[in-house]
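Sending over a structure as structure tokens; questions will come in a sec.
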């Protein structure tokens, strides 16, 4: 399954966050821009940057908008964002809530000055918290959870001496998944939910500290990866140094990183929680080769995320690895989709088969997931039209069966092909010669000792969940 | 002084508000658009429309943006704003606070649903109220007073049975100038500060009720003017009818309408608080003729607001009225201003003298105000170049000497020519043959029995004022 | 009839032209911008500026676009147009031919370098000339006559020593109405058709020469009016001086200036062919007063072009002059027109009556023309609703009865109310108490000894005409 | 070398062309849109679509603009382009000539109606032809060769019975490289220069015929590849059928396809002149492996065009193939480039190394070309920072030494690193452990029996060339 299809019909990550704090006082807006740019795959809906001059008036200046990072920002707007402490955000969103008001970072004024908050993840008790807040006089101007978090931080801040403690006290109330980057007038604070569902890491370049959803963003700005923020950890950067508060952490065996970051969301050049994404996909491919061996001539991956797992399958099986597809990278946000009648050919607009490569060959085709099955079926049909004699499909994740309450936008059950069909039925529907899904018990091979969340495959949620989709409760 | 100059350098009204509630359920967005369009002179910075479907899901859908009404909205966006209850706003703003976030109406979610608030005016106790709110856990996402008002309404709503009472209780706390149009899920509410500093009136067309800053907006949408909202009055429109709460009104002699609405802000075809704006300007012109008679051949007005007063001067003095200027109406928001070196000619771009009319004539030139004096001087020079033998300047307002705390954007003292110069000095600086300002004691002739505020000329504020400019305290 | 209505339904001028040549070598793009801005009333469809650096590489750099002058150009684009010789154009166009390709000036490369041509007017033999050119190997990339003119100049240039002679020889072939501003690598050339149908005049500021459709544009850029280009004259500006070729002129009694420039097209502050536009409208108003006296209380003009004639009517009749209307100057190109059902109120959006002024009064209402009659009827209805007891309509032009082949966009006969109705029928249809059109024989009073064209009223064309509308023959 | 670098600093293809003719009369604009979209890699500067309704009024309606296909066109504009015969174009251009006027297709009116011309390639005798045309009365409105071609077709059309013959006669005069798609009122005509320098092929879907620069565009619209247009061939599509004129073809051994299409320009899923692009790159990689064997652990390709050659190197050498880079596909036209000081990190924004893959390994890195050397040096540095112990560079083309006169935008000699340095010097400058360029004599292996042009490497031009760069002679 290719990315474009995902954006419009399938799985969506909610966000990417990035923070930069230049202790020497230089402007960071363009650095945040490049950081967000490296995280663009985590959200193409809207984006924003908020900066503070910690040595000046300590007010937040921000620009947010609907569109890609390079659509929302131009040289002039970056130039105008003066400040040495910056927070950035890229947002994915389904149509319903894609309003401009929901773009982040959220910038608020409260009793202690100005705060900018960038947030990745979904709260599971957002409904209760909002009602509670409303009954104590809160008003809401957006439909995003970040506003709930902001209120809690602001209110806790009235009772605490330090912003970090306000964040900690807020974390005691909010439940669910979150990676936060917060800028207060003099501090950059990062925090991660105790289960570690959403990634967050620390980087450094000269005297500038970074926080980022993925290490690739730190590399992109020329920084050095320092370490991951730990699940439940609060890290704080001030001109006096870096401090960490681990009092909210839980035992490693309870920790629950989103396994889908490794399978699909994260960029393959990132390292998350000390696990190399590229490596985990190689392992997945190898596991598939062991579970579902087949006699074939070529292993191919569906761009982009199927490519690495295909490499792993090839390495394990000894079947040569090949490039079977050309992906058109110009398909952008404003691309006009073909009408229904032209739909089938629409796959060829984004993806075309290289006939030379597949002709007369028995193909193992590796992809990361099957959501509705239509795209997969189209690709198989294309391969066969191009002369492939067999197409054996290997999926580097188990079938989706359960909703995610933590910020991944999985279609409802009725649309999930795996919900109502057996693997054999799916195989037939998509026209594959064989079909193998990653086995649940082998997921752990991908990430080693790391505690992870596989609830979307197993229903084993790491915490209590609402029982129904609340992600758009307030839209 | 012509309008363009005002927009960029001089006096600015803060806002215009408009509301429409179609009891039959039809969409009102385009009606609000036309209403705002008629109020465009009250604010060219940003604008917005928020609509609710009172018979449907009762959620607010809004669009706001920086620009003129016909720049921010197109057919598609108006089409998409479905709802029979709409609130609109045009905003004037100085550069500092012209951020997109400050566009109105403010739309909030709170315990009782969704609320849209459009507000014209400035609070005098906004600083105290914001701090008070912050200490009870409020966060602010804009720098406009409307957010303070919204919080108070939301918090009072927790304790009251009716939204109107929440508005009333909020009004007991907020001080200053305000005309409010509020839409709750089922009601449209209008309210005016007890002094009546800012105008607000009621109109009707078939089964649709209107609230508007000026009656011209009601005429523009084909409605009939019903009456003014009284100072301190709260009016409420529901499907059950219209109700009024006058418990916040004060005695007529304390009421203090902004006199500058009549002199300059309002459109000449509006009627505000039963005083016809056109008529009041005729009276002003007549008063000038009585105070400062002069032997001359022609009376001319500086477009647009000087025209009517010139007519009054002509009627009283018997000196013929003439059209001396052509004003280029294509000068828009994005017009590129000439460089300093070309400045003098810049007046000719907006305004040109019709030589035929003024040649060899002794001219009485009527304008509404002198702020810095440069524009006035340029116009006099143009008249003389075109052959006017004498130019006698008559200003239909007294000299500006005191700051306005209620929402009018007067330049700081240093820029006000009248602050540091006598009338005779000013006359010489602008090159006039004589100069007469409206006498303070004659202002009352313009508006009859109406209680009015002339603090910008006299320093007699109708209420306690902060003593310093707080209009951008939170930008 | 107000301007907006004209733009969308009625009469349209085809263009305005402007040229500037700074002999000292300074950039002129911003001067051309301000010049065009003053001519914006002559065309709101598209515009363009083409500049040449006569001391540098002598190539033309241009920018053209659909929209108003201040929409198409910004500071950056003006900055980038480097050159001391500039030609500008504003274009009016009906929908059919409003394509971007048709924006002017037309910039061509030919054997002698680069040429920019701005043109106002319509050729009557364009169809023949195009076919003739095509048969000798010409290709056309636009549907405007200017391309035909360009070809002729270019081809004649092959045979002549001077560009001026090429223009002259081209003029021998083209027939119809034209005012031309042409920039060659080192010269600015102005030319006017022998009948003088379209206006063109010369101005100067320091060492910069100007050519402009109307004198108001010269005033706007701070220049001094020098003189009109004579009908049939070719003027040429080079660093060696100014030269004139009058060999194409015809006898004054055959000359035929468009009378409608004085009635409606031109700005009232312009002087065209030594006749003051303001003055000619005063005369028209006086003539109406003499032809159609009436007992009344007030004379009012429909903004903008009816205002001056109303003043004339008032002066002649002794009936006081009043301001009855407020015109909303924010109605722009992108204004969303009300749906049919809201049409009637649409007039109020652009124009509102000041009730105070007209209530209980017998009104003489002066306008420049009646095209379809609907707008006029609406305005009369508004006046009566506002309390006017009688409305006597006086029109400062005779009824339109014949098509214009020279560049004025008059609706087809079926749409012209005067074509199929008597004056008395029209009076009844528009709801006026009396109606008087300017008498044809009195037109000459407006312009004195000047030869003029009144063919749209009389059918007396100054030259042979095609017999059918060819204005969009190539769209 | 990655694509982005090419666009801004290195090699540029001039254009891509696409035509579609639906004999059943259905609209083709959206099909042309998708076709152009698949050819976007051939030109990102501007684009355009021109359509004709061959069963209707047979006029051309077009839209052109600066930007990518999905930036210039939206649903509304595609909808408005009604017609069953469409011609499209994507244009690459260096800054100098990137003006809107130069966007294609060129649409002209001439004696036989309307013609739209899309053209890929550069003429070598354009200067002479333009002058010749100018001396016979031609005027030029663009600086593109297509206008020269249009004139010749139009003039020849006067003497011929059929449009195809006019094209043929024009081809007798124009020299150089061209692939043309022309739509006349009733015909779609394709033509290729006798040397076949630029590609063009034929496709079909139901009753719709296609012409396209590359077969990938035919696949993208769901069409079937029919055959290549032959060098020198003119193909014509009418409702009566398809006809071919081969009278301009030359002997196969003189034919000279651009070899760089195979190395870099073309999409790897295209087949050009019966040679599979993917296959030719595999062969190139194998040739490099034979010429420059090295002991190493991994072969990696620089995305995108180095990937396939790397695969070929791997297959021949037996050294495993690996994915070493992540390329950020969101880098678009409007991406803000880092300032000079941040330049080095700029490569990481577009390209990041996957440390896991290269760490501790001896790497063979395959790319398609080295232009200035800076990008290559940066990538090598990144690999070594990530732990690669050796980096052996293999380039799938010989060094650039000679200018291209046929439409490929190669930097001037001074910027070409190979022009003034030996291979050993370059190796040292870029920091490679070894460096091998494709051997000139092995190029023929890539394309088999096909006659090709390798003049940029050898100076052996297939025809007489101007001797200096004339590509921007008229800008």
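Per-chain residue numbering starts at 1, and chain names A, B, C and D are given in the order in which the chains are listed.
What we mean here is this: a contact is a pair of C-beta atoms (placed from the backbone, for glycine too) under 8 Å apart; a residue touches a chain by one contact, two chains touch by 3 or more.
By chain, with names taken from UniProt: A, B, C, D = Amidophosphoribosyltransferase.
Note that the coordinates shown come from a computational prediction; the quantities given were computed from them, not determined experimentally.
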item: Chain separated most widely from chain D, comparing mean CA positions; value: B
item: Geometric centre distance via CA averages, chain D-chain B, whole Å; value: 60
item: For chain C paired with chain D, centre-to-centre distance based on mean C-alpha positions, whole Å; value: 48
item: Inter-centroid spacing, chain C versus chain B (mean Cα positions, whole Å); value: 36
item: Where chain C touches two or more other chains at once, by residue number; value: none
item: Touch-based graph of the chains, sorted into line, ring, star, complete or other; value: ring
item: List of chain B residues in touch with chain C within their complex; value: 30, 33-34, 37-38, 40-41, 68-71, 73-75, 78, 216, 219-222, 267-269, 271, 276, 278-279, 307-308, 311, 321-323, 325-326, 328-332, 334-336, 338-339, 342, 344-345, 348-349, 352-357
item: Residues on chain B engaged by chain A in the complex (per definition of touch); value: 101, 106-111, 115, 131, 134-141, 143, 150-151, 154-155, 158, 474
